[in-house]
Amino acid sequence: MSDETLLRVREVTTAFDTPQGRLTAVDGVSFDLAAHESLGVVGESGSGKTVLSRTIMGLQPRRGVAVTGSVRLNGAEVVGASEGAKRELWGRQVAMVFQDPMTSLNPVVKVGKQIDEVLRVRLGMNRAAARARAIELLEMVGIPAADSRYGAYPHSLSGGMRQRVVIAIALAGSPQLLLADEPTTGLDVTIQAQILNLLDEVQGRLGMSMILVTHDLGVVATRTSRLVVMYAGRVVETGTTRDVFARHRMPYTRALLESSPKVSNPSHTRLAAIPGRPPNLLDLPTGCAFAPRCAYATDRCRTERPVLEPADEPGHLFACFNPLPVRVGSPS
Amino acid sequence: MARYLARRLITLVGIVIIISIGAFYLIHLLPGDPATVILGTGDSPQNRARLYAQLGLNRPVIEQYFVWMKNILHGNLGTSFISQVPVWTTIRAALPIDLEMIVLSQILSFAVAVPLAMSSAKRPDSWLDRFLGAFSFTMLSIPAFILVVVLVLVVAIKWAVPHTGVSSYVPLSQDWVTNLESMALPSIVLAIGSVTVYYRVLRSDLIATLQQEYITLARSKGISQRRILWRHALRPSSVALLGTAGVNIGGLLAGGFIVQYLLDIPGLGYTLVNSIGLSDYLVVQGIVLVVSIGVIVINFVFDFLITLVDPRIARE
Amino acid sequence: MNESLLSVRDLSVTFGPRGRRVSAVDGVSFDVGAGETLGLVGESGCGKTTTGRALMRIVEPTAGTVTLEGVDLTAASGRALREQRTAMQMIFQDPISSLNPRRRARDIVAEPLDCWKRATGEERRRIVEELLAQVGIDPVAYGDRYARQFSGGQCQRISIARALAMRPKLLICDEVVSALDVSVQAQILNLLEDLKAEYGLTLLFIAHDLAVVKNISDRVAVMYLGRLCEIGPADTLYDAPAHPYTKFLLGAALEADPEAPRRSEVLEGEPPSPLNPPSGCRFRTRCPFATERCATETPELREVAPGHQVACHFPLTLARPEGAPA
Amino acid sequence: MSSSLELSELVEEATETPDGRRLGVLFWVCVGWLALNLLAALLANVLPLPNPLTQNYNVINAGPSLHHLFGTDDLGRDIFSRVVFGSRVSIEAGLGSMVIGFGVGAPLGMLAAYRRGRLDQVLTVVMYVVLAFPAIIATIAILSFWTPRTLLKIVIVIGVAAIPLVYRVIRTATLAVATQDFVVAAKVQGASDTRILVRELLPNVAPIAVSFLLIGVATVVTLEGSLAFLGLSVAPPTPSWGNMINESRTILQLNPWLALFPAAAMCLFLLALNFIGDRLRTHFDVSEGKL
C-alpha cells in the first residue's frame, strides 16, 4: 500500500440479521482513497451506499450486524475494532456529515455546545479556548453573527444553517477524512450549491480526503475525481469521474445517467426510464442483480455473477458480461 | 419563554376559579337540602342557625359563592359541624404528611427508574430488559390495595416491623427516625407504582431517542457511551417522563387515600375517607378544593420543567 | 396559447393569527391553456404548494379568483364545491401517505366512483381494472393488495389512477416525483406524459427540481416568497432568464456532466422570513442588481417577449445587447 | 436517517408485507383468558354454582376442596362462586363507564381533530378544564354524598370523568391521521365529511381506540376496587372483587384464601387487559409511524 493511500477498503461485506432473514446491504466492496482525494459513491436507495459509509466509519449498530473484510484508515483496522479503539479515530481521523440537518443536531443542546464537545472531550481544550475555537469554526463554515449563534438552539436555525453547523462539528477535530452522506438531499438548490461549495472549499483548505455519498449524479459530476457506482450492495463500476460519465461500460451506469432529466435538454425530451424497481435485498437474483431490469441481459447474466474487470483506462473497472461499447464523446 | 409562562399562569388562575365553582356547586348538585347534607350527623337547631349565618343559605346562589370565596381567601374554609374544628386546621395538620410521602416516594422512584430505564434502553431485548419489562408489567397490573395487603402481611406481621397506627404517628420535626420508620412502607408502596410507570415511559422514549440521527452524530464525535446516554439522550427523552410524573404525582396526592387508609397514616386521604364516613361535608369540600388546586399547581410546575428540558416547546 | 382552461387572478393566501400573519401567496395570477402543462417552480417556502392547494380550496384563498372553464371556483360551497373539485384532481408528494394504508388498491381507485355513485358492479370493476392497467399496476395480481404493501413508485401510480377515475380536466401534480428514486422518477414522468396525451389532460406541475420541471412543461412559472417572478415558455425561460432570481436558480442547478462549467455565481444568504417580507420586490435583499426603486416599488409582471412575463424593474434580457448569447 | 432506521426501511422495501408481524402466543392466551372471564360472568346464573349469598356455618373458613374449589369465607359462603359473581361488578363497571366515555369522547375527539378551527378550540378548552379537576377526588366526593349508591351511579360518575381523557387520546390519534395526504386526496375527490370520517379516519383510529379502551377498562376495575375499600362501591353482601379483598383483611392470617383468590382473579384480569392493550398499541403504532 502506497503511503499516499489514506483509506483502504477490501472485500467489505455488511449483513444485517432481520426477522425476515439475512440482509446483505454491502457485498464485497473494495477501493482505495488517496490523501486529498475526493471520491463519489453513487447509487439509488437500497444500493448500500449509506451502509457502506457507516461501515467505513465503524458506526453500525452494535448488534445484529456482521461485518467482514478490511477497512484500514491510516493503517488502523476498523473492522472488528473495539468501540474504544474506533472512538479514538472518530472525530480526529474521520468525521461525518449526515443527510438530514433537521434530525442530526441534538434539539435540546445549544449548537455551540455541540461543537465544544469535540474540542473539550477529544482535544482537551478548556472552556474558554473551546468557545473561541467553536466560534471560529462557525465563522469558517459561513455562519453570520457566529458569536450570537453560539448559544442558539438548532430549531431556530434554517436547514442550510444547520448543515453548516454539522460541518463545523465534523471539522472540529481536524479529521483527515470527511464522509458526507447525502449532505444536500433535503436542501433547496441554491442552498445545496452553497453547501457543496463550502465542502469543496474546506476540503481543499484543510487538505482532507472526502467521500461524497449521493443518489444525484449532478452532485458528484464536478466535485469528485473518482466515482464508485453501487447497485444492490455491490460496486458495479468505478473509475475516474470523467471515465465513468463518458466511457461507462455497465448498462446500469448508463441507465442512471440517462433516466435523470437535464436542464440542458429541451423540454419534453423522452427519458430513458429503467423498467422495474430497485432490487429486493432479501431476495436477490442469483446472477447479476441488475439483470431483471437490463435490456442487454443474457442467460449468463441471470445465472452467473459478474466480477469487476478492468476497462481500457487505468483504474476503470466494471462488472458486466455484456459491456457497452465505448462511445465517442461525452454522453450528453 | 416569559410570554409562554405568563399565558400558562393565566390559564392556571382561570382553572382554579372554575374548580372553586365546581367544588362550591357540588353541594347543589347533590339531591336534598344543602343544609342537611352539610350538617350530616351534626344536625341541631343551633348548628342550622349558625350554618345559615355562615353561608347565607337563604341568599342567591351567586352571592353564596362570593361569600364562600371571600372566606376562603381569608383562610377560612368553615368549621366542621361534626368535630367543631376549623376545616383549615384539619387540613394543615394532614397536608405535610402527604407532601412527605410524595417527596420520599418520588426520590426513590426516580433513583430506581432512571438507571433501570437506561440499562434497558442501552440493550433492548437483552435478558435484563426482558426481565424488567415482564416485571414492570406484572407490577403495573397489581392494584395498590392488593400490594398493601400483601406487604402488610409479609413485612409488618411476618417480620414484626412496628406497625404504627394513627395515634402513634410522629411528625418528622419531632422524631425523624420514628417518623421515617412509619413512612417507609407507604412511600415504598407508592414508589413501586411510580417506578413501573416511569421505567416504561423513559425506556421507550430512550430507545426512540437512541435511534435518532443526532445520537449517531454524537457517537461519530468519539465521545463515550456514558456521556452519550446522560448528556445527549436523557434530556430529549424526558419530556414524556416529566409529563407522566406531573400527572402521577397529582394522582398520588388525590389517590394516596387508599394507602393511607390501609396503613393508618393520618394524611389528607385518610382524613377524607374518615370525613366521608362521618358525612362531614365541609371537610370533604375543603379537601377536594385543596387537592384540586395542588394537582393543578403540580401540573403547572412540571409543564414548566418540560419547557426547561426542551426549549422547542415554549416556542409553540 | 390555446384558450385558457384555468384562470387564476390575484390569488392570495395568508395564514396565522393577527400579529404573526404569514403571507404565503401574494397576488398570484396566471392562466393555463387547455392541454398544456404549466410548471410551477421555486424553493421551499415560496408558496408553490399553497398555490396548488388554494386552487382546489383545500386551503382557503384570502383573496382572488380561480376560474375553471368560465366557472368561478371561489364562489361555490358545500356539495357544489365538492362536485366542482372533481373536475380538478391532485397528486401529492408523499406517495405512501397519499393512500389509506387500510384499504385495497382496487377500492382506492374506485373511491371517487363510489363517492359520486358513477359506476357499480361490473362496470365499476371494469373501469378500475382499466385504470390500474393503464398506470402499470396489474389489477389481477395487485388489485386486492393493501396500500401499505406497495412501494413508493407503485403508490404514486395508484394515486394517478385514482386521480383519473373522474376524468378530470386539470391535474395538479405537487412534487410528485421528489420522493422517488431517479429510475422510478423517470417512469412516472413518462407515464404522466403518456396519460396526458391519452386523456387530453391539462397539467399544473409543481416541483422544486428545475430539470424535472423543464422536462415536462410547456411553460414555466417561477415563484419566490409568495410571488410570481417570471413566467414564460420553458425553453426560452431556461435559455434566457429575465429575472435575476431565475438566473441564480438555474446557475445553482447541478448538471450531471463533469465537463459542465462549474458555475461560480452562487446566490448568497437565505430567503427572508415570510412573516416579515421585504418591501417592494421581495427578492431585492439578495439581488445584486437591486436599487432604491426595488425597495419602494413592487414590480408587476410585464411582457419582455411574446408570452414571456417578468416581475422585475431591471429584467436581464432587456439589459443585454441584441444578439448576445443566452 | 440512522442506520437502524435505514435498516427498517431496507427490510420494508425487501418484504412485501411489513404488517406481517405476529401478535404472539401470549397475546392470544390473554384474549382467551379474557373471553373466559366474560363468559363466566355472563353465564354465572346458568352455571352449576352455589348461591354466592348462601351462608353455611358448617364450613366456615375452609380451604380449597373438591366441594368448594376456592374454599369458603367466614360466613361459609363459597369463594369460587363469589369470585365468579364478583367479576360481574368489575366488568360492568369497566365496560359501562367506557361505553359512556367513548360514546361521548370518541366522536367529539374525531370531529374536533378533523374539523379543527373554532369547534376544536372550544371543545379542547372545555375538556382541558374538566381534565384539570382531579377525577378520583371528584368521583369520591360525588359518590360519598350521592346516596343510595348503585352500580349505575358509579358507572355514570366514572364514565363522565373518562370523557375528557378519551377525547384527548382520540383527538391526538385522529390528528395524526387527519393531516395525512390521503385525507386531502379524499376531499379532492369530493368525498363528504361523513364519508371521510367513516371511511378514511375511523379505520385508522379504531385500533388505537380499542387498545386505549382495554387499558381504560383495567383502570376502572382498579378504581372500583379502591372505592370498595372505602365502602363507596356496591354494598355488601353483593360480592365484588374489591369487597371480598377488603372483607378479608381482618382475618388475613386466619384464612389467606379469602384474599388470595379474588386478588389473583383481579390481577390476572388486569394483566390480560393491560397486555392486550399494550400489544395492540405497539403493533399498530409501528405501522402508524410508517404511514
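Each chain gets a letter, A, B, C and D, in the order it is written, and its residues are counted from 1.
Keep this in mind: contacts are C-beta pairs under 8 Å (C-beta built on N, C-alpha and C of every residue); 3 or more make two chains touch, one makes a residue touch a chain.
Here the structure is a predicted model, which means the values were calculated and not measured.
The chain with its CA mean position farthest from that of subunit C is B.
Looking at C-D and B-D, the interface holding more C-beta pairs in contact is that of B-D.
Annotation: 55 Å between the Cα-based centres of subunit B and subunit C.
Centre-to-centre separation between subunit A and subunit D, using Cα means, comes to 51 Å.
With centres defined as mean CA coordinates, subunit D is found 49 Å away from subunit C. The distance from the centre of subunit B to the centre of subunit D, each centre being the mean of the chain's C-alpha atoms, comes to 23 Å. Annotation for subunit D: residues 1, 3-4, 13 touch two or more other chains.
Among the residues of subunit C, those touching two or more other chains are numbered 151. Within subunit B, residues 212-213, 216 each touch two or more of the remaining chains.
Interface residues of subunit A facing subunit B in the complex, by the touch rule stated above, are 57, 59, 63, 83, 86-92, 95-96, 98-100, 103-109, 117-118, 121-122, 153, 155, 166, 169, 172-173.
For subunit B in complex with subunit D, the residues that touch the partner chain are 14-15, 18-19, 22, 26, 29-31, 37, 137-138, 140-146, 149-150, 152-153, 157, 211-213, 215-216, 250-251, 253-255, 257-258, 261-262, 272-273, 276-277, 279, 281, 284-285, 287-288, 291-292, 295-296, 299. In the complex of the two chains, the subunit B residues touching subunit A come out as 123, 212-214, 216-225, 227, 231-232, 235-236, 309-312, 315. The part of subunit C that touches subunit A in the complex is made up of residues 43-44, 151, 153-154, 181-187, 189-190, 193, 208-212, 214-218, 234-235, 238, 248-260, 262-263, 266-268, 270.
Of all the residues in subunit D, the ones that touch subunit B in their complex are 1-5, 128-129, 132-138, 140-142, 144-146, 218, 222, 225-226, 229-232, 242, 245-246, 248-249, 252-253, 256, 259, 263, 266-267, 270-271, 273-275, 278.
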